[in-house]
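Before anything else, here is the set of structures, which you'll find just below.
Both complexes below contain chain A, partnered by chain B and then by chain C.
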Partner chain A sequence: MKKNLLNKYSLFAQDTFVQPQSKMIGIKKAASNPILHYIIFGVIIMVVLYMAVQLKVLPYSWYGGIIYTAAYSISSIGFCLLMGYSGLASLGTGGFIGIGCYAVYYVTALSGLPFIVSVIAAIVIAAVIGVIVGFISLRIESIYLVILTLGLSEILRNIYMSLSDSINIGTIKIFGSALKTADVMYVIIPVLIIIMIITHNIIVSPTGRAMLAMKNSTAAAQAMGISLLKYRLMAFIICTIYAAISGSMLILRSGAATASSGTSFYALITSLNILAAVIIGGYKSIWGAVFGTFVMYGLNSTILQSIPFFTENPALITIISGVLVIVVVMFYPGGLAQLLQNLKFTFAKWKKKIREDKYGKDIG
Partner chain B sequence: MAKILANILPSPANKLALKRKELHWIVSELDSLEEVTSKREQEEIAKIKFSLNKRLNKAAFDACDKNEYVQELIYNKLLSYDVKNYMNHRALNHGLIKKIFKAKRENKPIDALIAEHDKKYDELKIKRAKYVDKLEQEKQRFLAKYTTTSSQDYENLKKELMLEFEQKADGIKKELAAKMQKTRAQLEQKAAKVKEEMAELKKQVPDAATLPDDVLLQVKGLKMYFGGLKAVDDLTFDVKKGEIFGLIGPNGAGKTTVFNCITRFYNATGGDMYFENRQGEVVDLRSFKVHDVILQGISRTFQNVELVKEISVLDNLLVACTREYRSGFWAHLIGLPMVKKEENILKLKAMRILKFMGIEAYANWYAMGLPYGILKKVEIARALMLDSRLIIMDEPAAGLNDTETADLAQTIKRIRDEFNATILLVEHDMKLVMGICDTVCAISFGQMLAIGTPQEVQANQAVQQAYLGAMEE
Partner chain C sequence: MGYFLDTLIDSSMPMCVTALVTMAITLIFKTSFTTNFAQGVISAFGAYVASTLFAKMGMPVFVAVPISVIASMTIAVLVDVVLFRKGRYVNAIGKQIITMGLISVIVSVIPLIFTDLSYQAINFISGNFTFYVGDYNVTFSKNALVGIIITVIVLVLLFVLLRYSKWGLSVRATASNEYVAGMMGVNTHVVTAVSWGIAGALGALAACLNSAGNAEIGVYFMTEYQVTAFLAGIVGGFATFHGPVIIALCIPLMTNLISWFGNGVISSITGDMQLGASIANWSTTIIYVIALIIIFFKPNGLFGKKVEKKV
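The block that comes next holds the complex of A and B.
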């Protein structure tokens, strides 16, 4: 109404209210920036952890569950980039995680250098191994590559066992003060958020598109000037580096690890869990990778443990993840990220159905 | 030692390639300059309009007829009230109909139902009447608060603002035009400088061979053996500049193998291939890797559509430009604004090409699920993104119906004329080949049967034999 009258009394009748963007739209635009979402997510996680550790509002087991999820998520995101965007597969995540653990042990705990140096050392070693696997991936593809990386992971694990079977890093100093277990979150969560933002940047950039093109058709990618060598190396280097960073975060939280035990960070079970996490969450989504990791590593200690039924039957907890993998692969090949999108449509359908039940069908 | 150093230090050829990239960007920036400026101009003018209107609003409110204003205000409020309550009325009516049907099925009286319905209906009516009363009171309050002033002030202000607008708009237009001129001059200066440097570097890099003036691609004695199988055996032909060259032959004749040799998917067993690239130098194609061929100005399409299905059509065109970006991996990783700027320039170009192909409506659609005919067009558009001199099309009409094929023939001709490209195509659709090709080359079992105009090839006996079998005497 006001619009009509003002149109009548305004200078330019037609396009008064079309241009330009108002302040509100500007805020909306800023809020739709995905990088801001990652930061907000990080803040929320920090608040939850603070509630669990300092305020004791939430049970303490939440702290361990979420921190482990965050640390493992880093390697899931790398795996997501490798599998969903470059079309390559690997079962070597466990072995690559070990690089980070042992770098922290040798460089920081034994030699006394700063923590950041050990992370850089882990990144350098991981990059070298990534280059090796990347070169191999030019010759070998699909299931054979998976077997090969599995072998490499076992070789790495045996090297760790002969180096030093069980490691204990003791207390680590960061910025001159000893890091307590309760303060680990101030290191791990920011690292996770930075990794998420970096990965997002890669995915939406020309590099991400080139990787997708390579996944879809190697012939077309090469004809468009995309070098398979360069991008496969890149994908594997990113994946191994992320896994190594994730390893150094894990050892920071746990303090000690044993290579010969079947449930250590660098056992085969880790590689399989990360694979399952990425499949559950959605192999083309960063949020999906994080959520899938939560299902694999965090769901048990946060939610399921508070349900008496599961504390009585702990075997059922492992069954849940197995059933989830089967259900997701059968009904939602795009993972839980796809499920969320489908839910939106389903809600719209329900709304329509409820309305029709209440008021009768639309007559026209 | 000198050899190692020569490998590490940038060679003149590498320097030349870098200069080329620079020149390419300067040229594309020059191309998109006008579009960017006009967009900017529209935005600025809209901003001015908005701010001027804001200044006028108060005067307009004072000048407007308050009776008319409040009438409209109240009408609108009532309308929105009715719209909101429409669902309630409908629910009542439909509920009544349902209940009556149910009661009739069970042979129960319906009078009570109708009475109940009427009661509810009356309640709604009373509610509405109350709302109307409230609006009436609002109207009185409004009229008491504001009075209508003379419209003279408003008219004066309007005239003043209109003048101001014209001045400001003129100023902005002039300013932007001057800015554009300045940028254009700067870019042109840069381009001239780069060209000079390139000319100097070019003297240090000798051509691989010399070609006749009108020849773009020369294939000499091409051989491709797979073990004992001679897929292509001693094939020689020239592709002239600006022509449509058709390669025909029965199934298994080795047409696609020839393509794959030219685009370096196969490493030819023997023979030479010389090509005059985008910069007018003659290069030996055999010295390039498969992913470097596109930089020389050869782009290709595929027999089966090979697009990235998970991204939009526009992004698919950008994939072709992966090698064009000046920003490297680290810039992508941090997400520098430079990447966005480059992408915007490329997007403008991509939109131009999509418009040329007549599929700009599909720019933001996912490639997954689009019809096959459109996907074929997208693939041709992708090949056009890099201003290639030679476009190689592998069976562009495969899977298209008659109308689409006729459309394709026109498109191919337009591409040749407007993009100054030479086209080399393999096709089984003889109507298309004979209709548009300037030269046709027929091969069979990797060997040349005939080359010449379509009529000559059609009349050739060897070709007829290869297609139709030997004539019995």
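The block that comes next holds the complex of A and C.
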């Protein structure tokens, strides 16, 4: 039992406990480790993007699309954990993102402390707010909670507007060197990968299972000895911390933000877009959350803008993303992750059928 | 005293608009069991129709507004009939997300239909009533008077219908349990569709009132009222119809009264204009915090009833 658990948590744990029978099986096992997938994914994205833009295969605007997707993905993953695994919903993401933005502005841009200090400050403030929302979530549920977090987000936005309506962080030094716009990628994508790995470990750990139990039935979960207080607080704290980290990454990329504008990071529209991203991608899958975020935030500046039809009719882009959300909710409640799984099953069926046709039924 | 009266008069229009939007949100919540996030943009669509007919085509305002009401009503009914009913696995959260998807669709469709977005808004009657209280010059726009009259008529009519008509009875039955209401012979599909239609109509009316006399309208200009309406619904308790509407009337009034308290009272007592102005700036935040505190101690709302849940 202990061996199994350790296998799940650590990166190369298989090698220390199980001697591979042959080299091939060992490699296969290591390759099927989901944590490795995240790392490979991140490295590939960074290398391919750098090479492709340098060789002028892809336009420069891809940097923006991918970086924004990565930064927003962090809050999507947190939301995924909150909604898919804990069964709680919130529309406060926009307000929580602002915590990160303003922490960077006040701690790093104005006081001159290192960037990492501002991220830690954002995490601490976000944790405090997460505790508050978590306590509220014990008394109020479902749609009521959604609207309440919406109100909280509006309070935060009002506070931001009163503090300093528009912020500009200027150039920020990380590890002693000032970053150019494209180099922000080398900070944001590793952070995303770390977040993905942490989230994966939370999901497969007892905490994740307790959250899932709580989602399916609060009464049954309590009967099994799961403390609602503990896990709801935990879910909200993780969600707000992720959103705050995502906010500090976003402000690192954009450099400036205005609280009063309707399309800023802290506006209602961000919360709605993150929710839509998680729904499109599939609310129980980390990959789904990242892919959904790409559909909402990256698709426009990467793929669609290189198609002349869409550059002529920019309004169609938002219409298509809206229609996509509606269609996915109406016909694929599990999101694109479920669609992918269905395709996998169909593919396996076909494979089996072809084999049966070739070799007869017994071998099947 | 004059400034106080001015504050009350200034709050009258936001109060009317918020009350109408809240009524729409409550109707949809009670019959479809979801919050309609697209209410704001559906209303904005109505406002665009009205101002196109009024400012561009020169129609009289009492023709333009009913047409815009019908336009918003059609969209709202279509949302229910086409999107909600046809969805295979749509639950409450799913419905919410469908309305969010609608936001991005409608927001992009509006500039395609109404190419010029900087419209001149509609105007019921131009001109103001002015009178003096002491030295203070109080102005009361005639648009606001028309708005108050329309709102009172519409809300009273709706409450009477909900209380005494057969339609009202079927709405209340659907609200308490859709399934059982269906078994008792209530055509819940029709009830839901009609409620959506009324909600759309109320939204368009609210948007017209909000835009009347103002210089400009925008795609998101009703979103603020929609958020206030959600909050009013929660604070008042969605269990009743009158609870949310009463709170909706209170929220803009209280916000403006806090501004008055800051700018008028605190400034004149302490002589510190800066302090008063900063209190006025925080008025919305103060209202939201008060609302959150109320919800924390009364999760079912001020007028709500506790629903016993069985495992």
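The rule is short, and it goes like this: the second predicted complex is superposed on the first by the 321 of 364 C-alpha atoms of A that agree within 3 Å, B and C clash if a C-alpha of one lies under 4 Å from a C-alpha of the other, contacts with A are read in each partner's own complex, and residues count from 1 in each chain.
We adopt the following convention: a residue touches a chain if its C-beta (ideal position, glycine included) is under 8 Å from a C-beta of that chain, and two chains touch if they have at least 3 such contacts.
What you see is a predicted model, and the numbers here were worked out from it, not measured in a lab.
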Where does A:Ile326 make contact in the superposed view: on chain B (first), on chain C (second), on both, or on neither?
-> second
A:Ser227 contacts which: chain B (first), chain C (second), both, neither?
-> first
Once the structures are superposed on A, label A:Ile279 by its partner contacts, choosing first (chain B), second (chain C), both or neither.
-> second
In the superposed arrangement, does A:Ile202 touch chain B (first), chain C (second), both or neither?
-> first
Go through the superposed model and pick first if A:Ala219 touches only chain B, second if only chain C, both, or neither.
-> both
In the superposed arrangement, does A:Ser142 touch chain B (first), chain C (second), both or neither?
-> second
Pick one for A:Ala210: touches chain B only (first), chain C only (second), both, or neither.
-> first
Shared contact residues on chain A - chain B and chain C | 219
Within their complex, state which residues of chain A touch chain C.
-> 89, 136, 139-140, 142-144, 146-148, 150-152, 154-155, 158-159, 162, 219, 262, 268-269, 272, 275-276, 279, 315-319, 321-326, 329-331, 333
Taking the complex as given, what residues does chain C use to touch chain A?
-> 29, 34-35, 37, 83, 86-94, 96-98, 100-105, 107-109, 111-112, 220, 223, 227, 230-231, 233-234, 281-282, 284-285, 288-289, 291-292, 295-296, 299, 311
Complex contacts: residues of chain B adjacent to chain A | 43, 46-47, 49-50, 52-53, 56-57, 60-61, 63-64, 68-69, 72-73, 75-76, 87, 90-91, 94-95, 97-98, 154, 158, 161-162, 165, 263, 265, 289-295, 299-300, 302, 306-311, 315, 318-323, 325, 329, 332-335, 339, 343, 382
Contact residues on chain A for chain B in the complex?
-> 1-2, 4-6, 8-12, 15-16, 18-20, 35, 198, 201-202, 205-210, 212-213, 216-217, 219-220, 222-228, 234, 284, 358-360
